[in-house]
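Letters are used for the chains, namely A, B, C and D, taken in the order the chains are written, and counting of residues starts over at 1 for each.
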Amino acid sequence: MIGARVVSQREVSPGYFLLKLEAPEIAHQARPGQFVKITAWEGRDPLLPRPFSIHEVKDSHLWILYQRRGLGTKLLSKIHRGETVWLSGPFGRPFPLPEEGSVWLVAGGVGVAPFFFYAGVLRTHNIPFRFFYGARSKGDLLRLKHLQSLGKLRIATEDGSLGYQGFVTDLIKVQLEQEDRPKMMVACGPPGMLSAVGQIGEAYGIPTYLSLEAFMACGQGLCLGCVVQRRRGGYLRVCLEGPAVDSREVALDKLS
Amino acid sequence: MTNSVELGELKLPNPLMLASGTWGFGETLPRKILSSVGALVTKGLSLEPRTGNPPPRLSETPCGLVNSIGLENPGFEVFRNRILPRLLALGPPVIVNIFGESEDDFFRLAEGLAETGIAGLEVNISCPNVKKGGIAFARDPEGVFRLVRGLTSVWERFFSVKLSPVGPVEEVALAAEEAGARALTCANTYPAMTVDLSRGTPRLHLGGLSGPAIKPLTLRLVYELSRKVKIPIIASGGIMSARDALEYLSVGARAFQVGTAILIDPEAPRNILSELDVALKDR
Amino acid sequence: MTNSVELGELKLPNPLMLASGTWGFGETLPRKILSSVGALVTKGLSLEPRTGNPPPRLSETPCGLVNSIGLENPGFEVFRNRILPRLLALGPPVIVNIFGESEDDFFRLAEGLAETGIAGLEVNISCPNVKKGGIAFARDPEGVFRLVRGLTSVWERFFSVKLSPVGPVEEVALAAEEAGARALTCANTYPAMTVDLSRGTPRLHLGGLSGPAIKPLTLRLVYELSRKVKIPIIASGGIMSARDALEYLSVGARAFQVGTAILIDPEAPRNILSELDVALKDR
Amino acid sequence: MIGARVVSQREVSPGYFLLKLEAPEIAHQARPGQFVKITAWEGRDPLLPRPFSIHEVKDSHLWILYQRRGLGTKLLSKIHRGETVWLSGPFGRPFPLPEEGSVWLVAGGVGVAPFFFYAGVLRTHNIPFRFFYGARSKGDLLRLKHLQSLGKLRIATEDGSLGYQGFVTDLIKVQLEQEDRPKMMVACGPPGMLSAVGQIGEAYGIPTYLSLEAFMACGQGLCLGCVVQRRRGGYLRVCLEGPAVDSREVALDKLS
């Protein structure tokens, strides 16, 4: 673990925070899709560092976009600029970069976090991409302005308060019928959404990567604790073989 | 440097071991972390490969971690041929943690490991004995006596019996000593559970508790046992800092293992060793 | 209001009890805290007064508290004449926690309390039996059977046997049930120790561990025992919040006790009860 | 426990902090010599609230003067103004107020904390008092300016960097030979100092109250955990019969 100075932190939407950290070693190594572990408290309760996707990277800084859920994220949200948090990583496999053709990024809720970094790198590599982002309601869409500046964005809200009314997975089904199909999809969001995107990808024969979540201890392949069921039997470690895995690798019905 | 330590015939460069199951087989750790420690105790090894338990395998408790990995491991063949050579090349003595479903499993593992250059065995008796209807070896002092006595005829070098902290612990410890164990590892995780009420129906997770929460319990166990047995005790339970290690050493442990702390931060063993150096110099 | 609860013949207004030894005899607590709970379980009572252990009596561990109060109490006479009348006037059923050094001590206490209007007894078997060379009753299932059977002939109403979480717990639980216990309190504190290295020579403190650290252990115990016995189980171990209580209720406990949480904040029982109301309504 | 807003906090000397809290209920009830319990962290490590003497009280505010020692005080020292800590109390018996004659207050180190409040109340009651304050060195004397304004003050430092060179207990022995003896002494400081003051009080026949420290859980007589040995046998609870107890009540050789 290394100490990382908090450069800034602000609540971007009620209960959602954007944290900027100074961590040159990690920022320089990081690639989109990877994650870090953060400890923002003294004492041993909570015991484990919390895993977060790397939201963005610039020079020696990295950003985390997170939702306050339980004790760990509550404590993290109370950290002030100038204070230090403990950081380790980057961990996990980066998102794939297709050799040719376009990528669709499919985000649900705070699952949008890793895609800002990814979109930037895709752009640098001149890889065309489209962005699909779903949430319950307009107010739950995070950093929307910034997102719109990143590239072509389609929104879905369950209540129809912005964009397509319905699930983001319904939206991509509609789009797949109307547009050039992508060479690859990468999805991040709640388990139900991920398994739906996986099924769609398979139905349309599009290689699809799902960025999974699992309760993690080490985050680096030591404990075998973060497994999900492999389709062909056995387990894969989300922290090491993931977080993004080929949808055909995982037992979609066992995601939770 | 922190003094070397003798556990019977086994001499370690320092008293810190990496606990079984908490550092994989070192594949994803920097070499410098692995090479400075007193000994490497491998993840539990069985004759046949084991795929382990379905998720969830982990849950968190106040100052503790519950795991139910289910002793996932690649089995003896793969271990000996593909993993062990790399581990042996790292430097520190390698102690292989073994478990089985019958006495015979243990004996065959010991035989298979006899000519491999490992420094010793750690015998995990927290696992169920199928011949005894699935009762853990650790619940049965006579069974442990037979197991350990049997082992001594196929394995003549250092081995430690890794106790379960529940059951007739003292009787088991005395049986292991009498049967010829060279050391005791005290102790494995505690049977525990968590309940996740945040979903519709409560989700139960049964497993073994490790981490700071158990330190006062295992410390007490080491203290009591060190007054009962003459063979060295290797402490394992909630050691996160040099101070924790010193506490165990001060109540009778000869060496100690770091487990859960590695999961939180793989640098922990190195930090503990250097703080230990300072603390021991201060004395 | 949270539903009333039946423990055999004993009906409680709600499932929350104040655990033995963690609220004194209520002298220093506001009446409103005492009067809203399901039952009051008194500090352990012996026939003769006991001065308790010398300090230190407390130490802290990660998420836990170690105590070695030594069962200090004013003895039966003072309790019955001076303390009990005040407790009975508070409202909630009063359950008297008793312990002794021999079976006879328990019987005499039960006889002495028979005509006092208390709602029941809680029988602490974690204490040493001097006739058995100081081995705790809880280590000896047959001894527990005899003790409980004996009690049933002098005490015909509700009583719970308060288990120790170590030793042959399941055998003891079954023995207590078979001998006629009406309920089991699961469980007392865990044998633990701390070492204070900040002084010249290490200062050892041996005692019983309570608090959040033990919750996953006692939860597992309640879960296992509730599958083995038919009498109701009263959970006790690390309950700090309504969620903790619900976890115990969801794995089979019928009622529960709040202990260490009271020491941190005497308002805890009232807060737990009101959160429990909300949570149970949500279901 | 009640939530109390942090009005201010500053490091008055390296490692020593002065914390001002808004807590009307407690402030109005508090009397000198009493203490409060504070929790300044989420999570259960540390498990127990920490006990602190009430340093000063004014209107609905109270002050705590404390030393950073372990995890609890470290966490407390990190609290910012505007944040909330959890408070309970006041607990313990107030310091005695003599009916007639003067009081000597004898403080060692951070044991000076409760005497600011006490001195103020003594003044209000027109009870004459003298203040003796010992520390290792000049730099370890806390809030010296303020203290000097409270009344007659004599300083002792072990290294002689200010005032009398030696222990504060040596200083009071000298003074007892030179001056009108007080009707009462009240001492607060490390155990060694307390037992020395107790012995001096007994040697000179002066009723002496020692403000004891003990590791506490409940702080209010519930757990019987904070006991010290009574001279005539048995135990007394520091939180309930103390923290200040008549020196003749306690086994001075057993203080630690």
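Just so we're on the same page, a contact is a pair of C-beta atoms (placed from the backbone, for glycine too) under 8 Å apart; a residue touches a chain by one contact, two chains touch by 3 or more.
In this text, all values refer to a predicted model and were calculated from it rather than measured experimentally.
Considering every other chain in turn, the ones in contact with both subunit C and subunit D prove to be A, B.
In terms of their C-alpha centroids, the spacing between subunit B and subunit D amounts to 48 Å.
Here the CA centre of subunit A is 36 Å from the CA centre of subunit B. In subunit C, the residues that reach two or more other chains under the touch definition are 61-64, 211-212. Multi-chain contact residues of subunit D, defined as those touching 2 or more other chains: 44-46. Under the stated contact rule, the graph of chain-to-chain touches is complete, every pair of chains being in contact. Only residues 44-45 of subunit A touch subunit C when the two sit together in their complex. Within the complex, the subunit C residues that touch subunit A are 62-63, 212. For subunit A in complex with subunit D, the residues that touch the partner chain are 41-46, 71, 74-75, 80. Across the interface of their complex, subunit B is touched by residues 61-64, 66, 166, 168, 190-195, 197, 202, 204, 206, 209, 211-217, 219-220, 223, 238, 243, 246-247, 250-251 of subunit C.
Against subunit C, in their complex, subunit D makes its touches with residues 1, 39, 44-49, 88, 214-218, 220-229, 233-235, 240, 254.
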